[in-house]
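Common to both upcoming complexes is chain A, partnered first by chain B, then by chain C.
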Partner chain A sequence: MANEILSEQINKDYEYGFVTDIEAENAPKGLSEDIIRFISTKKNEPEWMLDYRLKAYRYWLTLEEPHWAHVSYPKPDFQNIIYYSVPKPKKQLGSLDEVDPELLKTFEKLGISIEEQKRLSGVESRIAVDFVMDSVSVKTTFKETLAEKGIIFCSFGEAVQEHPDLVKKYMSSVVPYTDNFYAALNSAVFTDGSFCYIPKGVRCPMELSTYFRINSAGTGQFERTLIIADEDAYVSYLEGCTAPMRDENQLHAAVVEIVAHKNAEVKYSTVQNWYPGDKEGKGGIFNFVTKRGVCLEDNSKISWTQVETGSAVTWKYPSVILKGDNSVGEFYSVAVTNNYQQADTGTKMFHLGKNTRSTIISKGISAGFSNNSYRGLVRIAKGATNARNFSQCDSLLMGDKCGAHTFPYIEIKDKSGIVEHEATTSKIGEDQLFYCKQRGIDNEKAIGLIVNGYCKEVLNKLPMEFAVEAQKLLAVSLEGSVG
Partner chain B sequence: MLSIKNLHASIDGKEILKGINLEVKAGEIHAIMGPNGSGKSTLSAVLAGREEYEVTEGEIIFNGKNLLELSPEDRAREGVFLAFQYPIEIPGVSNVNFLKTAINEIRAYKGLAPMEAKDFLARLKEKQKLVELDGKLANRSVNEGFSGGEKKRNEIFQMAMLEPKLAILDETDSGLDIDALRIVAGGVNKLKSKDNATIVITHYQRLLDYIVPDVVHVLYNGKIVKTGPKELALELEEKGYDFIKEEVNA
Partner chain C sequence: MEAAVKTNTLKDRLYSEFETVKNSLLGSLQIREQAMESFLKQGIPNRKSEEYKYVNIDLVLKGEFAFSTDKTTTCEQIKHTKFLKDAIDIVIENGVFIEDLSNIKSLPKGLQVINITDASSNETFSKQYSKYADVNADTFIALNTALAKGGVFIHVAKGTVIETPIHIINISSTKENLIINSRNLIVVEPNAQVKFIESFETVDSSAKTFNNSMTEIVIDENAIVDYYKIQDENENGYLINTTQVYQKKQSVFSTNTITLSGSLVRNNLNIVLDDEHIETHLNGLYLTSGNQVVDNHTLVDHRKPNCNSNELYKGIIEDKSSATFNGKIYVRKDAQKTNAFQSNKNILLSDEGTINTKPQLEIYADDVKCSHGTSTGKLDADKIFYLRARGLSETSAKKLLMHAFASEVVDTLKIEALREYVEEKIAKRFE
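Entry: the complex of A and B
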């Protein structure tokens, strides 16, 4: 029975595995100061940016690839990656007519209809989308509407040109290039990404969304996202990602930085659906990402919500530095691994300010031969009086060939701190499935129901449109994983 | 409605049911009694289609269909309902969502469109009243954190919602206090009609004070060894199962 179901799963296609036939302009393979200069020149960057890249690169050269995570994979050959790939023709895209029709088709396949977006621009509840394919941002929607409120939402490259002061001030302030191996690599070679700035007192009227897509073969994707909410500002930001099916492993090493000023709130949600590799573990994306936010001033709040279903190997710890007094950090995560996927993911909460609070809800689901680890750190610094943390880490196992691991680290330097940690491990029981079947619900629907129930606390945190998407994705990712 | 002929079933190579014969007609309530380990729960599991049990011989015909050829979910969709002895918890899935999914799956099987929300809510309200189920329980996760009595009541509530043709109550009385017993039994009685049938599996006679069976069967050592009118249950209560054992072993 289990085998039968497994083979069913094997035949399950990754829905987003198509390749768009777009001519791309690539840099030669490999990494060197010349390549970095090439990227910087191509992007017409100012001197300070090039200097930053080179500093990061030189630092990166001194580093060893990290191996502490509970994952194993062939070491990426950093000289065999294309660090710059741009869909041609590269020109300033002013209107839709100038966009490559193949590109538009890609949007459609991914369910992002820019036409639709345009058409609906007078209607409420919209999402502004920035679309990043391979190395560059190809289209940002709703820019004009947002500009009226003083909100800047554009590609990172554009921000460097148009808003250099903001970029200079905040870039690298949360995740310095010295942070870790992949952050250093990203700082050296990043090609684009998203930038958003919400000015004082502005509540962003729509969800801001970036869609990342790796298309070209042999390329890596190294994007940077920088989100700044000034005093009393609010923004909800969404990120989605997919990649074609390829036999090779492709590297995705992003950096995301969030800054929340006084009374500001940033809600960051992501549904990560990179290609996970085939059923034997061949191919798939290596997703080595550094995401961190800082609650810089009092009463600020940063909330991470992630649904991780893709990637061959995931290595990711969205964190919050709670610097301002009364600031709040939240982390809600669902990580699903199936077949031979490996995930080592969790969060870090650094309590520096007084009365700071953090909540961690992590739901891991392992199926097939996969390994799923939660790794988290809660640190309460001396002087962070009355800091509180609540952590809940649940693992759900499907079948008996997969693994779930929990690595919680807790460091408390202030006596007034209160940290609570709860953890459970359960198995999707034959009993639960049979119970559903006895009520007329078939295996696939039953798994969807049980898993969505298990993840409910996290899914509830996602914006509506995303939640529906995530629910479907969970069901598909796990289809046929229990006999 | 249900015809079981010479049913043999085993688990892990051990034969538990050793030739069961049973005929249940629409409108009837049958009680199956027997000492521990006689095969009562195995019978209900085999009827519902639990895969751990292997049917080695015999047949089960349900409304003209060979039940043994149907998957557990298709049996449910054909109208077989099992009230579990130990109802399962499904955290995070509300009773309402669970039942809506079940009803619509059953409807889809019959080629019907999903139930209209207002019809569903109306049915929900009506059936809740029937089993005196607190409205809050309907919105809570399936059986999660329910007391033993609430779980059993929830089984009967689900039964009421799904309107099965054949309901099998597996030791529904176990762990119930007298008030809960009365409510559960009351629910079953109210749901009785000339079109559906009920099999009540129980160890004690107590439940049968509230649900009056048309026929009582005694299951012992994998076989139905005695069948009689409702008075048989009283006799069992009085004499214990030993007299049956003596009769059989004589």
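Entry: the complex of A and C
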């Protein structure tokens, strides 16, 4: 299976690098209180939302850009970014026919046809998708089907209008605007995103998904995702992203918040494939994301799975605050860097409740001139009795010009806590390659096979549709990196 | 804000101390001025400094400090610190080498021990002094280089094999708060073999000592050097201990840092492997209790291919004490075929104690085998049960297990008399 995909994909470059010629309404470049008021007015937001934005903006002004990560890049010029870009004057979309055909084509090119989604609606494995292009959500599918179960799945903008109580209650409760530089920026200028609420006792019958696409030039994408799983609820959430090829660096600074109540479970999977820049390291997306979930009550569970192949610079640490007793946090990650890509990614697990457990499996692959770092924190607070963590961080180096790094932080303040951390760094073994080649598998395919095997623990955690995509992506990302 | 002002004044006081005594200090004026400049730029670390985030050094340095004291101890008073019967003892009291208390009258052939303040005429010394520790890498290296005014220079000539261990005894004894900057340089020439023990003790002291002690060790081709540290100061002792090691071709360096007491112990152990086929062993054991803070930072810098390094640090943490391990393995682009291993294991015995561990790998070469592991936990209930089933009381079962845990590190001490001494200390500790 892996082989077929590999051979099919092996000679491809970044294939999502096209630009959709679509009318866009942009705000003027730059950032000021006026721009924030403009965004807020455009989105017809209530007063409290504008206040929140302005508070975040004023706080952001006092902050300095952080530099502690193991990455280097030109400082983004925050006054040279368009903070609001809409694919076309937006009106309420009633049915699929009203969606701009150009837009539909875009998503078809991306391999996620909305039409197909509709056709598949009878089949079991279906996915409800929220498409976010540039700054705003363009279409959410299956809304009605979900509504029957009481599930709310809509764009963030709609949620502010229709479910202000929920938004007010949960927004910023996991990632406050004071959290960090980019979270503050996001809180000030975020334009849209996805909102999802699973009511008590409901098991979401399908995968929910958001597809992010940067299209316009000169824009930054700042979206916000908020997922709430009420008592005994379950949801599996997917996120995918692509961007056109451009010489400039575009900024993506998102915030994702997850709240899991008693016995609830949230599974969040990402396949991140923003444009990584060309072979000389020109262009590409700066991906500075704050993702955090909180296991608010007992027996809840949050699981992050990510496949990171894109972006020129990635900087993200999906975290879990294990507040409820017996809660569980998981982090499974594959991060691939090639050419001049840089990734500094990992997770944070805060053990506060009793009998909390966390698992971290991170697989890094670096090739070309890239640098790939795992940075993680495991903190066991005083009183978090019988907390348990297991971490494994492996790195694979391909070529002698890349770097692989591991920076785990472990802080333990409770004697009953047990924490284990393991990390290895190595290259693909000559004997493994020899074994494959001896059986008639050529070099490149053999590497694809070995890499897929190496990442299997993580890929297995992805929903089926995503696992296939992720395997393809791995092959494409590493294409030409050995030989 | 108040704290910041105080820190500034301390910085100012250090600077004025530098200005008044700069012509009597050791090393060239140029080196020292650069170091002072670098120190003023880096400042005294606080909790926000990434490298010192788990130690409150700025709090330790609050209050008045002197830079030297007159009092000298008698031979009788320090007798117990010379715990090795057969050794070349070198006594450094409050950062100054005291020849009367040392026994360096009849040194083996090829071994030279010189007071560092008299060493500037020595050719090797002036060539090697302050060449390996980068003043811009750490604020305490900068401070030491700027203000050092005592210590020893030890030179082991080509092909010299010294069986008798060399014991460097650092003694703190003061009636007023004291900042000490002692500095040693050890040069081991090709094919030489030598063993060192460096111990830190407090004798008859009633005030705080902040000892910023630093040793540079240069190990030439095929030389074999063992360097063992026993840190056993009392609650008045605050120790920053930097060891900068530079290894050449096919040399072997083994070190063992055993921390038993002292209010604050910060070890910066930096080892540079700058040629092929080098072997390095780093071991450490820390048994912390009370309000003790122990912070071990190690950096193994693999610059050339075909080298091996192996690191093992273990700790048992009791009471309100806190222990930190921060180890970094750095493999440069050219260092192919590197084997580097790192392991840190901790047992936390109390709910007030803290363990912070940060084992790091930074790797730029692909054909390497590097791994690190760390684990933290309590004493295994199954093991305790096993021993109790065989008639041991709970306390003695625990004691036995802790002893076994520590012995993995203690067993690497190659000097038998030293091993016995440490074992005795540990046994007393677990009483």
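To be clear about the criterion, the second predicted complex is superposed on the first by the 467 of 483 C-alpha atoms of A that agree within 3 Å, B and C clash if a C-alpha of one lies under 4 Å from a C-alpha of the other, contacts with A are read in each partner's own complex, and residues count from 1 in each chain.
As a working rule, a contact is a pair of C-beta atoms (placed from the backbone, for glycine too) under 8 Å apart; a residue touches a chain by one contact, two chains touch by 3 or more.
A quick note: this is a predicted structure, and the numbers were derived from the prediction, not measured.
Of the two partner chains placed around the shared chain by superposition, neither chain B nor chain C is touched by A:329. Look at A:276: by the touch rule set out above, it reaches neither chain B nor chain C.
Legend: residue contacts after superposition of the two complexes on their common chain; A:463 is shown touching neither chain B nor chain C. In the superposition on chain A, A:353 contacts neither chain B nor chain C.
Once chain A of one complex is fitted onto chain A of the other, the partner contacts of A:453 are limited to chain B, with no touch recorded for chain C. Touch criterion not met for A:193: it reaches neither chain B nor chain C. Look at A:397: by the touch rule set out above, it reaches chain C but stays clear of chain B. Overlap of the chain B and chain C interfaces on chain A comprises no residues.
The touching residues of chain B, counted against chain A in their complex, run 48-51, 71-73, 75-77, 81-82, 84, 87-93, 97-99, 101-103, 105-106, 109, 141, 158, 162.
Residue ranges on chain A touching chain B, taken from their complex, read 1, 429, 431-432, 434-443, 445, 449-450, 452-457.
Within the complex formed with chain A, the residues of chain C that make contact are 50, 333, 336, 346, 348-378. Across the complex, chain A meets chain C through its residues 68, 382-383, 395, 397-427.
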